[in-house]
Amino acid sequence: MKLCYYPGCTLKTKAQALDKTARKCAAALGVEMEEIENWQCCGAVYPMGTDEIATKLSAVRALEYAKRNGGKLLTLCSACHNVIKRTNEDMKAGGDIAIRANNYSKFDEPYKGETEVLHYLEMLKNVVGFDNIRKAVKNPLNRKIGAYYGCLLLRPSGVMAFDNPENPTIIEDFIRSIGGTPVVYPFRNECCGAYVGLKNKELPKKKSEKVLSSAKEKGAEEVITACPLCLYNLQANGGGILPVRYFTELLAEALGVEE
Amino acid sequence: MQRIGVFICWCGSNIAATVDVKKVAETIKAEPGVVFSDNYQYMCSENGQQLIKNAIKEHNLTGIVVGACSPRMHEATFRKAAEAAGLNPYMVEIANIREHCSWIHKDMDEATEKAIVLVRTAIAKVKLNAPLTAGESPVEKRALVIGGGIAGIQAALDIADAGFQVDIVEKNATIGGRMAQLDKTFPTLDCSACILTPKMVDCAQHENIDILSYSEVEEVKGFVGNFNVKIRRKARFVDETKCTGCKICMEKCPSKKGLNEFNMNLDTRPAIHIPFAQAIPNVAVIDSTQCIKFKTGKCGICQKFCEAGAIDYEQKDTFIERKYGAIVVATGFKPIALDNFNEFGYADNKDVITSLELERLMNAAGPTNGVLLRPSDGEHPKVVTFIQCVGSRDTSGCGKPYCSKICCMYTAKHAMMIREKYPDTEVHVFYIDIRTPGKNYDEFYRRAVEQYDVDYIKGMVGKVYNENGKLMVQGSNLIDNEQVTIASDLVVLATAIEPEPSVRKIATLLTASIDTNNFLTESHAKLRPVESPTAGVYLAGVCQGPKDIPETVSQASACAAKVIGLLAKSKLKTNPCVATPDEAMCNGCSQCANVCAYGAITYVEKEFRLGGGKTEVRRVASVNPAVCQGCGACTVTCPSGAMDLRGFSSKQIMSEVEAICKK
Amino acid sequence: MQEVTEKKEFTPNIVAFCCNWCSYAGADLAGSSRLTYPANVKIIRVPCSCRVNPTFVLKAFQQGADGVILCGCHPGDCHYVTGNYYTRRRMALLFSFLNYMGIEKERTRVEWVSAAEGAKFSEVMNDFVKTVTALGENKRLTDLRVKEGK
Amino acid sequence: MTREERLENISTLSGTDVKKCMKCGKCSGRCPAFKEMDIKPHQFVSLLAQGKLEKLLECEAIWSCLSCMACVERCPRGVAPAAVVEAVRDTVVRMQGKNGIKAEDIPPIVDELIPQQLLVSAYRKYNK
């Protein structure tokens, strides 16, 4: 199966590990990730102002491209997923933003949110299936792993429709499928504070420590995430309480496709 | 020649502020057939009615139109007035110029113009009205009460005391309902069981009351005074007439791990059980999903030990059919599921509980024998935090948009009871608003604050999480503009209540209307608060809206008064607006009978004269006016146009359409 | 005589058939909650939406109505058990026939409004008036004698 | 823009109806940046509802909001406090010389591992 893939800025630079392991694992699981042509940075944050149009156009272009090339758009970085998914809902809703974005973009036919935005985790769950992953695992990870969801995948849940915003299970299910033991801890959906990192060093530090110490208290030996920014923040500001890795790195390890 | 009178009501300023009532009355004078037109401040008042009566007599009116409030409000009033003046009451039409005009429009010219059209439309209709006479139907002197909680019990006792037969249908194995689960009641703190169980016993012993426990209403046919109800008596696998309630079966049953619903699943019970010690009837029931005999075919221990020989594994559901004159719906409530409120950690933490669970934990007959112990480790909690409005007043789609009304009071009660019993326990309450309207209610809540040192924090909780064995309750303290985190041992959620889900089915069976929150709708919010819009159906308790025990009991007694008033009548007037066939046009095709939901249409062979001395026998439709409810389905389905509806005839509606469209 | 040259803004004439038990009460609730909708909506009370004969709808268009709406109880909640199901089927047929005759589907509508849905009643009416206003005057089926006021 | 127009503009930008707020404080009860904010999430809603424009424009909290959406997620009335914060921030940064972050400030705080995501988002959020 071939899916249009939107990598995003960070995955091409600082988060290459996330991108590379994800591609290898997908290939091992029978999914081909085809990077879309001429993608532009999504902006890394969804602008909520109701008059923000230009800032959403790169997402609209990627979505429109995917619509013409299989109808699905695979995302990996949490921030890209959040921006693209929310922009897609704007386009679906057909309000002012949708009308103006279409007027500006001049597509052959107006884009109305037809593309299905699929996060890599959703792809693992719904396209591949956790049962199939379990079968493909060569090195079961016999470890206690804490899932760190952060904000971007889950909220606002009405739009993201990713998982239960207060009691998500998808990464825990993923951990089980690669042979690990998921550790549920209360701060797995609490913000790590990274967004204000350039203006405020203290807050991200406090929040990251809180997240990791909560995971540690409940017995986690390591924490996984899908977000390059969360990873950076938890690693740089989390006081080294627990190791933090991308979920795809663990998947690669379990599938035995590491370099 | 028609002589129509028109009466325009000001309704004080309700109509007159936006509709130029004088102009309407003047303009209408020019309408053909109108011989009298006037306006008055309050047409429904004694003087207003007198004005109508006088005009009918003086001007020899053949029909009248009252431009006033909704016919749902005062149609009956004006019909009575007309009748008193010698005019057939069905020669009255109402133009709704209040709810459908003055109240929704702001522009005087626009509203006045619309009012004139509405009055003209009513005139067009009334000109085609025919005098109608209401028929009579007998009244079955027996009432059905659906639901055996405190509402149903009170209604049943009151009706039975007046000398009428009452059946209580209760879906559970015992009557008692939610009140039986409560520990103490506000604002007097008397023991719930102590005031409820004697009433349950009264029901059981009353010669006029028949308790049909473990039963459900399956089918309802008929109409006010003459309901035919089919009731399913679910198989309890224990012969009710033989079981003595000795409980030996409970002792011997090897399958003891069933969740105890009565104790909010906080402990377990055997597969064969009596829900609680004071159950009425005091008869066991087998949970067939849990029972080993039902699952494997082997066991049968209870049968072996039952000296009364009451156990019957072969028992099947049975059905009984009874006739009733009136029906009281008292199906009650349940706390909402907390799936959408995971921020409070209910699913993950055993020590986050609902208020109803706390009732059981505080109750001497509960799982902890009334000692307050944490469900997780059986320790005494030292810090208890209450969160109010969990799922209430929530318009985000996660909860219920309404205020559940009882939570402020029961939370104050819980807080006080804990402080009373365990003075070393710290109690905090997060609240948004405290709502205590009621006699001695606010005083009660203040006592919690002033005498019992309960810490009330104005603000909502954002998150409850577990840290190092403590439940961290993080929320707002809006008065101090702070975010506070309280390390607690037990967290109690004042969970919103919702109508018991089975009410939907009951509402459909009774064709009683239900609102968007699944509460049954009363006929009029102020003037007919215990009557459903469906005649002969009455509403008691939370099925109609959130309310506490005193209010529920008042409403149940009010229902009983209404039922007694109905059953005391020897005959009921029936609605004369029923379907009627034009036999000359009817060809006996049976289409109308096919669509009639009431089976009101039959066919008769009739002889018709053809002229020239010849006759012919034809099959024609015949409507039983006592059974027809006047919906009109048959009139539209009739291919020959023979069927028409009195009071809403095709000609009448056509002329209304014409009057509205006329430019 | 002075000629009126100014073009008056088009306000459609809307006939609403409302079931006595749900929608009529819903309209009453809209009124008592002071939820406005345009004055060109005029309501005819019927015992049940199933009392509405297709000929009433035809009559309305013939007499110059620009839109016709039927309101009944929600499916499953009919005061007369099954009346609204008949309405649903009958009107589906009638409306597609009218559409064939050139009366746009948007000019006809069936809505379920309960007695508790005053807000919905007003929303539905506002929306319907907006839709019909956008379509303009209905000229199909109209008896010209009516429009000319003869 | 007059004062009234600016208030109206903030309200439109936020796309949220502050009148729906029932003042329960759940947003502030949930906010992970609460202690850093001089104006709390519930106050953003309340100040906008009361038209207290100056207090909104002068606050520092617009730079502390994490845009984590916890307040939006949990509001029982469907109000979006974070959207109000963002609307105020947009209004401030769109004024001349009010950018929240200056280009020359960046290099010293950037370490080797900082992901692009953070720089891009900071620019998008704080500058125009």
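First chain written, first letter: the chains are A, B, C and D, and each begins at residue 1.
Throughout what follows, contacts are C-beta pairs under 8 Å (C-beta built on N, C-alpha and C of every residue); 3 or more make two chains touch, one makes a residue touch a chain.
A quick note: this is a predicted structure, and the numbers were derived from the prediction, not measured.
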If you tally contacting C-beta pairs, which comes out ahead, B-D or A-D? Let me know. A-D
In whole angstrom, what separates the CA-based centres of chain A and chain C? 49
Could you grab the centroid distance between chain A and chain D? Build each centroid from C-alpha atoms only and quote it in angstrom. 24
Could you check chain D for residues that touch two or more other chains and list them? 70
Please output the residue numbers of chain B that touch at least 2 other chains, ranges allowed. 343, 397, 463
Per the touch criterion, the pairs are A-B, A-D, B-C, B-D
What residues of chain D sit close enough to touch chain B in their complex? 20, 22-31, 34-35, 40, 42-43, 70, 74-78
Would you mind writing out the residues of chain C in touch with chain B in their complex? 13, 15, 20-22, 24-25, 27-28, 30-32, 34-37, 39-40, 42-48, 50-56, 59-60, 63-65, 73, 76-83, 86, 90, 114-117, 122, 146-147, 149
Residue numbers of chain B touching chain C in their complex, please. 70-72, 96, 98-101, 103-107, 110-111, 113-114, 117-118, 121, 507-508, 511, 513-516, 521, 533-534, 577, 595, 597, 629-633, 635-637, 645, 648, 650, 653-654, 656-658, 660-663
Complex contact set, residues of chain B against chain D: 343, 389, 393-399, 432, 458-463, 474-476, 478, 481, 483
Touching residues (chain side chain B, partner chain A) in the complex: 341-343, 345, 347-348, 397, 463, 465-468
